[in-house]
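In the two complexes that follow, subunit A is the common piece, with subunit B as its partner first and subunit C second.
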Partner chain A sequence: MEPATSSRLRLPDTSALQLTRRRLLGTGLALGLGGFLAACSGGQPDVLASPEGPPQSGGTLRVGLSGGGAADSLDAHSPVSTTDIARVVNLYESLLYRDENYELQPLLAVSATPSADALVWTVDLRKGVTFHDGRPLTGRDVAATFKRITDPDDPKTGASSLSVLDEVAVINDHRVEFRLNTAAATFDDSLGQYALGIVPEDYDPATPIGTGPFKYQSFTPGRSSLFVRNENYWRDNEPYLDELSILNFDDDDALINALLSTQVDAVGQIPLALLEVIDADPRISILNSETGMWMPFTMRVDKPPFDDNRVRQAFRLAVDREQMIEQVLSGNGSIGNDLYSPFDPGYASKLPQRVQDIARAKELLADAGYPDGLSVELVTAPIQAGAVEAAQVFAQQAAAAGIDVKIRRVDTTTFFGDGYLQWDFAQDFWYTRNFLPQVNNSSLPTAPYNETHWDHPEFNELVAQAKGTLDPDKRNELIAAAQEIEYNEGGYIIWGHPNQADAYQQYVAGLVPNRTGLALSGFEFRRVWLGGDLS
Partner chain B sequence: MPIILRRLATSVLILLAVSVMVFVATLLLPGDPAQAILGQQATPERLAALREQMNLNDPVLQRYFSWLGGLFVGDLGISAASGGPVSALLGERIGASLVLLVAASLISLPVGFLVGTYSALRRGRTGDHVTTGVSLVLAALPEFVIGIALITLFSTTVFPILPSVTMAPPGEAVWNYPLQLVLPTLTLVLVVTPYITRMMRATMLEVLDSGYVEMARLKGVPERQVILRHALPHALSPVAQVVAIQLAWMAGGVVVVEFLFRYPGIGQALVDAVANRDVQVVQALSILIAAVYIIVNLLADMVGILTNPKLRTGGTR
Partner chain C sequence: MSVIDSPQDIAREVETPPGLLRRLVRQRQAKIGIALTGVVVLLAVLGPLLLPWATGYTSTQFAGRPFQADGLFGTDNLGRDVLSRFLDGGLRLLIYAALATLLGMVLGGLTGMVAAYQGGWVDSIIMRANDVMLALPQLVFALLAITVLGPQGWVLVVVIGITHAPRIARVTRSATVEVITEDFIRAAEMYAVPKWKILVKDVLPNITGPLMVELGLRMTYSIGAVASLSFLGLGMQPPTADWGLMINENRIALVVQPWGVILPVLAIAVLTVGTNLITDSLARASANVNVGATK
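Presenting the complex of A and B:
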């Protein structure tokens, strides 16, 4: 599961205000909890123990998510905000998908097999799957879907990772061939993106028809959507819910208040700083998922001072990663080693963990011609919870190494505007991805979001080899070798991988921790059911 | 009443000036609306086609007048973010904001007048001290503090009896769920009323100390009549100005309150439009908010004229 662009949640720029409000809300929660215990009576089932036993059918799940706005859409292939993604995942299904352990699983495909040269991938489709209007899923729908996504006049979100795709040939109703222009040993990984939902040949986003567990009922962009159960869903028994309501929130306080007043049943992506205090409420359960998401600092390797590797390494050594996780993520994250894709089977786990070393950083800077330290501008924006805070913490830590970081804060739209991918020293946010798809997006001269302008001949060669290597062991060795180059010379400072934290009412069952970085079990609401008395 | 007509004419002129400013300001934004709508998918051909469709190739003056003409017939253009007409996008939101504004005014105006007058009549006594103290504290609190306090008190923790956010299903109006309106309305009432109360008390005190009130009392006019017939009308004029400012503030989109209660008002729409560079929506809302400012101020002026015998009879200056 992976968006082709880095997450661009177009949230209003109100974090400065929110910081104080969040603190205030936290205090309010802490003070109010005693009172709550005395006067506990919600409108919904009063279950203080998690539901057990076999899942029961029925009920409406109301999900609150922050982000989104008037630009929200139900187009299967253009999800932008978190709310878009949550809706798309439940209306449509791709051929493969990433499960909660970040393993590739069949969805509408039953198998995806490469030819010996990895130039042709044969995909067998699941039989007996129908669209919401009753028509059966065929190979022609798959071909039409990929044609729509890669339309050169109007390429959709998933197109950038499908650049190797020449055409989709329909063999019969249940088999298609993906013919590629370049060998791609992990092409199946590219097929596992949520923005590649299969739609009927005559698809029109105005009538959003897919094969997903829920069917479209109504939708107001920026406000809410209501979906109903797909009675003909191909999995047995699922989905359990009668209705799924997804609501946009512009404000984290409003989101959490709605949960505490039982107006919603589950909320995605809660501020990590509030985790402890929300967890103290006996009615609420927390879903704390370790992920492979990363919020790097990006140094342009082709611009001074970062064109000197000693400067890049000095910056990496200036970071106190543990403190970063503690202060920015309130301790809810795993430490980073300047490498992305921690769940990739080829991840270079043997490289020593980089730790703060101010003396060595100063030495490197002196060697690079900055004996008295240097001054840089760091462009930051509230592109993701904690991004601006991370910039502030980094500025403090780097000062010890004689690096004077001037923080330039812009709003999110400006950040992703004309200057995006051009900033000398900035930040970004990426969801969990495996190595090769990530490199395609961010770390090759051809990558659409190569924000560090990374173009390393030896690295490029290793990646090209890995892409054509079908033997997983050999491929993993090549990946580890490429990662070692990034570890020694790369332009990213990857200090940690934030957890994804969600909260839900105790009576909601079927949510499990999920490594993809998408909120609420990767939005797989087909597995969710409600405990208590539903009548 | 020529003076009222004159004020009306001035208001129309101001509104026209504002429309020019809004239009010019959006011209100055980098990139044109066509580029904003297409974003990353902008190819020269698609840009040209869309510019043609949106009449962006016409001279600026002609565009201004066709936009202005559109305002009068309710044609506000096409929203870049949603791809639909702006009027469809904003219709419900304007209604929702209006509901909040009217509900809050209907409560805060009478309460403000009454409490302010009461406080003035009890000058220096306990009742006066209590109301002055409470209104001072409330006036000092930002609206989100009041909102969060109300939510904690009535929704999430102490007495979980009221909904904390507005969540009508898609297509349904907010007033179909009156319980969800209670807390946002109450928040606005608690923000607005203290100002009205304090102003009412201050002007009332001044009026009660004036010569004509003293004269009326000496003549033996009953106290009730002194207050209602002689004092109150004179006190209202300055208060009307404060009321106008409060109404305009509420109409301008109470963004923080809307965010906190997930209320689908115009403030939220404006913030979203600015983030999306949705120029047409920003233009429409700016004009709307400016119009409300001008209208409420005009109304306040009229109250001032009608309650002032000197102005009312036209014997100006």
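Presenting the complex of A and C:
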């Protein structure tokens, strides 16, 4: 099936370079302030009862997120930073979406049905949905939306996965047909991306109008936005909140301080290493979500020493995955088996879990002509929390197998600069995706981010077959077969899938763990309500 | 006075005032400075030798999960023992800072002396080039060089040394200009003593005062620069233990597990305050010398 809600996202952690005096001062201030505020809060009850019973309406939810900046935008089709995504998914809605279990669910569509040859997908629209300005949603709006996204002169974020789309034909007010140039058995997955929000025909990002649970009120890029409840939202009762305020934070220190001092009600993406200590605060609840995100080491299969599969397998066998999860993620993650897309129904779960085997790794290296071990350079950068840390743990573990890993830490800009996709041995970070969309991005000769330079004829053939197979069982078999090839020969070392951790005040209700990797229940704030005294 | 036939008088007149060093240590400020610096230097030098005996861990071994309270000062961002990292993290900083300062002194001292002694167009060229160098912000220059050449130890030392050189050259030049007008230099020149010999044997000993002050000052800056670059991820590379790097690695837990930041910050602060106090006292001590010598 299909997947991928997340477009490829890189939230650049340029903190290393941006760490300026202002920021240092800020840290100092925050520390001082934190203590001060903690001292002042002595008179209040430390624990507010978690809300129970039926949802209450009203109140303002203040959400803190780090990342974003002056380039933040409310354009439905160009979300880049986490803050953009959080705003966009509350203003606009796509035809389908990934729910918290990473299952594809209808949103503005009620159904999406492929033709027998998977060349035409018929989508029936939900009736009675109106835009924020009161106009009803029609097939023409859908057609205009996809025209805007795939505009050849200015393709938007979601366009890359819509390359098979020829045109959107309007059948009537509530039915459209997606006509494709290539059979795509999982095209509905492509429609489930959050960057494909449906907008009115005459959409202008300056007046951000969608069908989402919240309406635009004010917005300052890089700082904050305020949205108000959409009274005419198509779901009954939702949203519960009167207002939704999303605030940008420069770094994690400030974000956590704001949470601890109750300046915000919920924060997304807290560093996993801090999870336990934040959880120890009785006022704070933690949302710990299993995800399919992965932070692989990437070995170029076309360059020595990694062009020898024995070397790649030896590297994979050198990793102690449990220790990786303990040290890098503080135990908050699931073990990887050198395969991505763990939530794909076709995931090759029958393959044995690979575990550290130093003796076998040494043997393989000796067979490959490195009886005395070898020395490699591992390029790392703070591309995501834990990346540089993972590199250090790997270096330590690999030493036991006679592999001397020299860590070269560069800044994020350099990492994604000219050398990106060219490094012999490096790292990367991917959000949750199902297998076929992921392969399109990373593991085909045509993939834009084929960082391991993987080009395996048999694998390519299996993927091509799977793409055209409408029968899910057959398709899943093909996917598992393709994954087995990667398991045995691939260039990725996938040691684990980090959890996504968010934190919120106890009086916030309605947040549930979410597998998509998006923070705070996939930013579905329509379901959130505030308990306790709202006055 | 009738000096000629009275050897005793000659001896008294030639007797030098108490040496620079002795006058330095006489000041209370200097004593404090030396004590502070001494403590940190001892810690940095002996620290690596104490591992893993003192803490039970080497600086790269995992002691538990990240940011836990295990051990005396807890664990760092990767679950390593903070105290072990701290003990192992100072020596490289000190060595790099010292080497960079030394390099800066040699380069700056040489160019400064040559410029002052040669005068004319040589002086102009050297000093104008100096001005250009001075116009470049030190840290930005260092960032640029390290980004291009990679963060190896020698690059760090050379870059910081080079950025120190123009400042040292200025001080050296102005000190030298005063000395070279003295009669004994003229005398040496008349005896056709080679220029390099004059510079080394006659000029250098007479500018040690200002040079020592500069040495102390530059050492302080070097410590700061090496630590800053490590903090920015451009100095020491992980998993090496290093004070600057430690601050960067552990700052996300500043509120909840602050030792990983506080220990290195304290050490660097004490060290720079210590070297600064010494430098200050040195300046005072050497000013006395000059006063004594010129009057």
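The criterion applied here is as follows: the second predicted complex is superposed on the first by the 488 of 535 C-alpha atoms of A that agree within 3 Å, B and C clash if a C-alpha of one lies under 4 Å from a C-alpha of the other, contacts with A are read in each partner's own complex, and residues count from 1 in each chain.
The working rule: contacts are C-beta pairs under 8 Å (C-beta built on N, C-alpha and C of every residue); 3 or more make two chains touch, one makes a residue touch a chain.
Since this is a predicted model, take the numbers as computed values, not measurements.
A.B. asks: So in the superposed three-chain picture, is A:310 touching just subunit B, just subunit C, both, or none of them (first/second/both/neither)?
C.D. replies: neither
A.B. asks: So, does A:260 touch the first partner subunit B, the second partner subunit C, both, or neither?
C.D. replies: In the superposition, A:260 contacts both subunit B and subunit C.
A.B. asks: Please determine whether it is subunit B or subunit C that touches the greater number of subunit A residues.
C.D. replies: With both complexes superposed on chain A, more residues of subunit A are touched by B.
A.B. asks: Which partner chains sit in contact with A:474 here, subunit B, subunit C, both or neither? Use first/second/both/neither.
C.D. replies: A:474: touches no partner chain.
A.B. asks: Please indicate which partner A:411 is in contact with in the superposed arrangement: first for subunit B, second for subunit C, both, or neither.
C.D. replies: In the superposition, A:411 contacts both subunit B and subunit C.
A.B. asks: For A:250, select first, second, both or neither according to whether it touches subunit B, subunit C, the two together, or no partner.
C.D. replies: first
A.B. asks: Just subunit B (first), just subunit C (second), both, or neither: which does A:393 touch?
C.D. replies: Touch partner of A:393: subunit C, not subunit B.
A.B. asks: Could you pull out which residues of subunit A sit against subunit B in one structure and against subunit C in the other?
C.D. replies: Dual-contact residues (subunit A): 17, 31, 253, 257, 260, 411.
A.B. asks: Note which residues of subunit A are touching subunit B in the complex, please.
C.D. replies: Per the stated touch rule, the residues are 10-14, 17, 21, 24-25, 28-29, 31-33, 35-36, 39-42, 62, 69-71, 153-155, 218-226, 245, 247, 249-251, 253-254, 257-258, 260-264, 411-413.
A.B. asks: For subunit C, which residues are in contact with subunit A within the complex?
C.D. replies: Contacts found on subunit C: 60, 62, 65-68, 77-79, 147, 150-151, 231-233, 237-239, 248, 251-258.
A.B. asks: So in the complex, the part of subunit B that touches subunit A is made up of which residues?
C.D. replies: 41, 43, 46, 79, 81-82, 89, 144-145, 148-149, 151-152, 155-160, 162-165, 167, 169-171, 256, 258-262, 264, 268-269, 271-278, 281
A.B. asks: If you look only at subunit A, which of its residues touch subunit C in the complex?
C.D. replies: For subunit A paired with subunit C, touching residues are 16-17, 19, 27, 30-31, 34, 252-253, 256-257, 260, 271, 273-274, 276-278, 323, 326-328, 330-331, 382, 388-389, 391-393, 395-396, 407-409, 411, 414.
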